[in-house]
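Structures follow.
You will see chain A twice below: alongside chain B first, and alongside chain C after that.
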Partner chain A sequence: MKKAILISCCLFLISILHAQDKFFTKTGQLHFDATTKSSPTTIEGKHKSVVAVLDIKTGNLQFSILMKSFLFKQALMEEHFNENYVESDKYPKCEFKGLVLNNADVNYGKDGSYNAKVKGTLMMHGVTKEIETTGKVIIKEGKPQLKAIFSITLTDYNISIPNLVSDEISKIATIDLDCSLEPLKK
Partner chain B sequence: MKKRTLIILACILIVIAVGVSYGLKEFYRKPKDIMDTKAAFALTTQSLAKAFTDDEKKAMKMYVGKPIELKSVVTSIEKDDSGNFILIFADSTSNISIRASLAKEDNEEGASVKPGDFILLKGFCNGYNQDDLLGSDIILDRSAIIETNFN
Partner chain C sequence: MKKFVALFILAVLLNITLWAQEDLLSQLKPDSTKKEYVKSAFKSPRVIMSHSIEFLNPGTMDFRILHRFGTLDQGYKNFYGLDQASMRLGFDFGIKRNLMVGVGRSTYKKEVDVYAKYAPLQQTTDDKMPVTVALVSGMTMNTSPWDDPTRKNFFTSRLGYYFQALVGRKINSKLTLQVAPTLVHTNLVATDFQSNDVFALGVGGRYKVSKRIAITCDYYHNFNGLTEGVNYDPLSVGVDIETGGHVFQLHFSNATGMNERAFINETYGRWGKGEIRWGFNLSRIFQIAKRKENSW
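Showing the complex of A and B:
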């Protein structure tokens, strides 16, 4: 009887540890900025429902972003973004699938800030492209927070800026990502 | 002749002023407030989730980008990193939930909502995240509560 209880406890503990290999969020934040010196106003959008999953055991990392959920201060900018640039009806999602290359350098069991190198494929506007960037994995109370600032060239994803506004919208957008993850209990 | 020239000049100036005024108004126009927008569909969690379970492509075409009125029981409430409330309506017959994030102007009302409350709200349906691991979600953005625990 004692043996059975001990085995059950071990299996329970193993299942908890296994479950906590994966961390996720559905409320990650992303900010993009394509402002130039000639822009009449800041060309920026905010996203507050980025879906992210990180497997801390393997370093596998995934992000999913619904394009229509970008929030803009001005309606005209939001309409142009969805209709003319990212064509969100045709391409509703942007997805990243990749890996934390130096996952072994991140001590997920110890609070602290760790530099991370990330490589993977970014799929946006019907184009899939390999990207590599750096960021931070911040461990606080056993939970990872992912932070990264990187740039993407819009023409790489077949997003073209009309000549008329080419001075007012940057061809390179700066992306600022911030995702606080929670353990995935399944 | 002088009078005629003046009238023409005045007309040109009026046209320019109207054009500039319209341009500025259009440039600084705020995104639509859901409360000023007529809902294209009135649905429940079950009916909306069923539409996506039955035919995702058809449901995407029909609902995404549209203002939707939802009448359902709140399953849980989350708060994002910016302090915005997200009301979650889980469908008991599938792994689909509706996640309605409240608009900035209507966010305060989220503080009084409890799981189990019967809510009538409006929001812009902005997409569907199909995910077997995390559970699938239909996203309503810029939502606003119309009524709570009504008969």
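Showing the complex of A and C:
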């Protein structure tokens, strides 16, 4: 009888502890570049409100990006990005759901920089694809910062580049991600 | 005892749900949704000849070259009208999300025109505001030599004005429609029986057939400015083609004039008689001011 109460209490405690294992941000930064070598202008966009959640116990990692919030130097480029390329009215969000594969190697309790292998599915423009990349988890004052540079092939996500601009816009976009996470309180 | 069993099961379940591949994103509190305005109702701030409910982005300049050739019914001797061309050169500026101004000069009557377009109401994505209402106020100045230099001519006789309310809605991602009640005032008209104030109602729309191509139509009904057998309602039908930096508006029209005063009052061609003209508008947008909200 007493054991049952004790175990129940322990389990409750564990579930409460779990709730504090999550870190998040709504102001993550992302930059992409799809400029070809021959292009006279740079084709790049910036995002300042990437949403990210990381569960440090399980290594569960998820990102959500509102496509409309990409910023461009040229207003027209922004319009074309939303209207003609990613069709942000139809596909408003890009989402990544995955895992830090080597989560056990990251000591979240100790400051430092750790290499991380991440694998998961990226959903963009109505297409879901498996991706795998490496990045860094930097722990500072108990808070993780996620950094990664990787590239995606736009045609994989049915984002076609017309021949007319194919010498300006690269089919491969390089993505630079930087998210500083804060503890998620319930 | 039963109570504790229940408690125990509850505690186990609570842990299982936590360990499962949970949807982390859904645990974040959703942000309050910001009001968002509908964009890209038209590919360009003009339907074909008429103003559209679309505005230029702030800090951009639209350099517009409008061509209208001669009438098709002239046959091969005049290359179906291509031997003659009338044009308007224009610069439009986006100042605010809902404010733009422009200036242009047409070869027809050597007319200079300026305008300002302002939208007090703009369609929002949540449909709380279902339409965009834009007001246009413009002025034209005829700079050609006086018809009769022997009489006393006044500078004001060169001027005309137009006032317009555009009410339109992007109905879905493909279809946009607008109506445009318009008043054109001309200070000096050619004959007694012509009215200085002409009322007209414009109807315009576009239908996107692909990401970069749209079919457009632009028509004005002139209520009190038509003289039988002389002038007619202007109708233009065209295709918008967007090629990255440029928008080409290829069209057929029975109007020569390329400002509101000219095409509403002085459209002399009839569609039924082949008195239509082939034309194209070329629009090139330049970013002339750095974008504030986008600090790099």
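Operating definition for what follows: the second predicted complex is superposed on the first by the 167 of 186 C-alpha atoms of A that agree within 3 Å, B and C clash if a C-alpha of one lies under 4 Å from a C-alpha of the other, contacts with A are read in each partner's own complex, and residues count from 1 in each chain.
Here is the rule we use: a residue touches a chain if its C-beta (ideal position, glycine included) is under 8 Å from a C-beta of that chain, and two chains touch if they have at least 3 such contacts.
Only a predicted model underlies this, so the values are computations on that prediction, with no experimental measurement involved.
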Touched partner set for A:His80, first chain B, second chain C, both or neither: second
Which superposed partner A:Asn102 touches (first chain B, second chain C, both, neither): neither
Which of chain B and chain C A:Thr174 touches, first, second, both or neither: neither
A:Pro162 touches, of chain B and chain C: first, second, both or neither? second
Comparison of chain B and chain C by chain A residues contacted: C
Which of chain B and chain C A:Thr36 touches, first, second, both or neither: neither
Contacts of A:Pro92 with chain B and chain C, given as first, second, both or neither: first
Touching partner for A:Leu184 - first (chain B), second (chain C), both, neither: both
Chain B/chain C common contact set on chain A: 22, 24, 26, 51, 53, 64, 68, 71-76, 78, 89, 184, 186
Residues on chain C engaged by chain A in the complex (per definition of touch): 1, 4-5, 7-8, 11-12, 14-15, 18-19, 21-25, 27-28, 31, 36, 39-40, 57-60, 94, 173, 211-212, 242-245, 285, 287, 290-291, 293-294, 296
Contact footprint of chain B on chain A as seen in their complex: 22, 24, 26-27, 29, 40, 48-49, 51, 53, 64, 66-69, 71-76, 78, 89, 92-93, 178, 180, 184, 186
Interface residues, chain A side, partner chain C - complex: 1, 4-5, 7-8, 11-12, 14-15, 18-19, 22, 24, 26, 46, 51, 53-55, 58, 60-62, 64, 68, 71-76, 78-80, 82-84, 87, 89-90, 95, 162, 164-165, 168, 184, 186
Chain B to chain A touching residues, read off their complex: 26-32, 60, 64-65, 78, 80-82, 84, 86, 99, 101, 126-127, 129, 131, 133-134, 137, 139, 141-142
